[in-house]
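Chain lettering (A, B, C and D) follows the sequence in which the chains are written, and residue indices restart at 1 in each chain.
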């Protein structure tokens, strides 16, 4: 281990990268955005949300976007594989042999409308099955405690467990960019929900920080999983509970 | 690695922390309570019991309570993130930017009534599905060997595999503290069961030591999982077996 | 790293322990039997076969038995937690605060009848559900490639994928030792099958070496899983395939 | 750590092994083919595709084949356990106490017809259940986004998400080599699909590089999983969607 030689001058870019750090409430060890994306890719792959080379994640810091690469094994994405882009999508840096995720136009749209810090695009089977078993414009859930894990987008405030959470569902298109129109409609139809499902495809879920995006995404995934299991058991999450009578 | 300088005087607080250790039957390497809570958070997250920022764990040593923080990714809780509190809930130490779990009033109530050393609050999907598919005041299980993994609370003694284990189920409320009344009724209605389920929410499960709380919780979770799979297969765990005829 | 001082004399016991090693076909790094049991406990816990403190494993070398301890978290069993016993069950060494698994009498019986080197006692949910959904004296499987992974006990030879594998099922009893009689009958009724299922409880599965016991156990577990999924889909593994018509 | 003595001459074999490296798009740290097979075995075991000692993987570099050994725990296959063979199947090197996978003749056939770089033989339960629940000559899938993860074999180009992907299914036979005839027919019947399913057995899935083979295999596995869950929910992936009406 060599000492840093005295008089070393860090470049402006290096200093900016050092300052450009994510904040998590409970973690003094801080990661840069590319490091967070690498960590999340591996974590979400292990949750089953990024099989094949599917799924993508993006973070925004000021006018700079970070996006995972397209077409690669997500559990092996390193910080140096992450693209750094201007808000308009032009590439500042990234591996020369790869391209940024094709989700980029949808990430940009969600940033434009809602301005989150981190957006997760999941291919989870629980989400896909929920969009197949609940075929309408909304997945309507209520009376599940985990609803409290999905913040109100307008205020960041908490929901009641027994209120109706309406998650918009858009139909899939040939290319991700072709969904920009329907995504914009869905975002404005339900401005308080930090998630949109894509039928037979997956979900976009976001939050102000990477840890909020991740915990919100885990909550949505859990709710979809319960919705699917209820349908498979002859029940329907969209109907109010009946006949449940425990201690109260 | 520096030698401890001769004459070093440990503070009273340091000595107490060193003495304040959990005992596990089979582990000479000992962890402090905050270390155990950090270990358990990561372990139970990996079992799927703490998705989003859900779930919580508490330990009690004498008059001191330890509680996990609210609203954070549970698999990343470090020992230094754990709150240390008086029995009345006033905070002795903990991270300044976080709050103790909102489960605290229910943890305190269970300590008051049953005095366990460790309490696990799980959001496991198996538990939630069991409360949805079995809608009454009790989940009644019998004729499953794993029932022997749920100790009798009064004596710590073992159950028979073919006796009926009645786990109380309380209805969910807007806030955890609002369930104090129904939880108290459920605890006194079934004083021998170290677990209470909360409909469409999760479970509280406890034991005298952290390893007993964990193995009891895994047994309850397993039993709920079997109960759900039986319902999904057209069977009902609450009915006695019929037509089973193996070697005997 | 200190050199071993010249002239050191190893005790007979140490030499025996060094020689007493398991052989695996494909692994030059060798483990002692207690190390294998520790490794397998952690591995099988992660497969979901040893939740709570359930399940047990035993190995035999000549007249010496090794057995995992009772009532502890199996994923944390260390080599030093493993009991060493005479063939008659008297303890040679082991942790003073623990007891050998209550499965010991059944392990001894299986050693007596079939003489395997390693026996796994699993609490897998797939196995338990198979015994609930197929209520008779046998689980009869055929036309599954994985049947080839279950050796013929008499010869060690391979089965055909389309022959019928009959796994005996015994009814559960209050204590493991109470099943000795029915286990003996089942073993003699089906001497060629290296596994017995226990209704609503789990399975005993064995092999000549620890790796054969483990791969056989994984094959049995997989077959039970397919049998359960077929029943849940309205099919029955005990009936021959009909209407299947692929390329041939 | 010793310095490499000056003047050391590497043998031709060592140089060739150093040059014989796989290329992955996004990974500067490079592995040799045997190292890749070891890595993949452990990874795919953890996905549940290689239980027991089932499954196999092969890579081809020029005229040299690499094949995993038969009958061993796949999660413990080391690079030195991998066989190196001539294209005709004669062994160049490999562990003396093991044999190459019995899949070798089918690997050779797929190399001959389609020339991929890596072939994965999976025993995944999702694949097996798909072949049981969809009993015909083809598993026909459409309207699932993950179809885009299965390249067109002829061109390497991408599929539309709403086109029909027809995966051939062959009937299982007593020995892998007995399926050579039906596999050849299936390969020519559907030359554009880089996968063949074997009823009640598993799948062969391939790609030009190991990462493409793996991501294609994960995509196929995911599609089979969705197909099975739909059947279990009373739906049929082979019928077009009806009544789905989200935002568009």
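In this text, a contact is a pair of C-beta atoms (placed from the backbone, for glycine too) under 8 Å apart; a residue touches a chain by one contact, two chains touch by 3 or more.
Chain labels with UniProt names: A, B, C, D = APAF1 interacting protein.
What you see is a predicted model, and the numbers here were worked out from it, not measured in a lab.
Fitting chain A (APAF1 interacting protein) to chain D (APAF1 interacting protein) on CA positions gives a rotation angle of 90°, reported to the nearest 5. Residue numbering at the chain C (APAF1 interacting protein)/chain D (APAF1 interacting protein) interface overlaps only partly, since under half of the positions present are found in both copies. Per-chain CA centroids place chain A (APAF1 interacting protein) at a distance of 30 Å from chain B (APAF1 interacting protein).
Rounded to whole angstrom, the centroid-to-centroid distance between chain A (APAF1 interacting protein) and chain C (APAF1 interacting protein), based on C-alpha atoms, equals 43 Å. Across the assembly, chain A (APAF1 interacting protein) contributes residues 232 that each touch 2 or more other chains. The touch graph of the protein chains shown is a ring with every node of degree two. Residues 24-27, 143-146, 149, 160-162, 211, 214-216, 218-219, 221-222, 225-226, 229-230, 232-233, 235, 241, 243-248 of chain C (APAF1 interacting protein) are the ones that touch chain D (APAF1 interacting protein) when the two sit in their complex.
Of all residues in chain B (APAF1 interacting protein), only 51-54, 69, 71-73, 76-78, 81, 95, 97-98, 123, 125, 128-129, 131-133, 135-137, 168-174, 182-183, 185-186, 189, 198-202, 228, 231-232 touch chain A (APAF1 interacting protein) in the complex they form.
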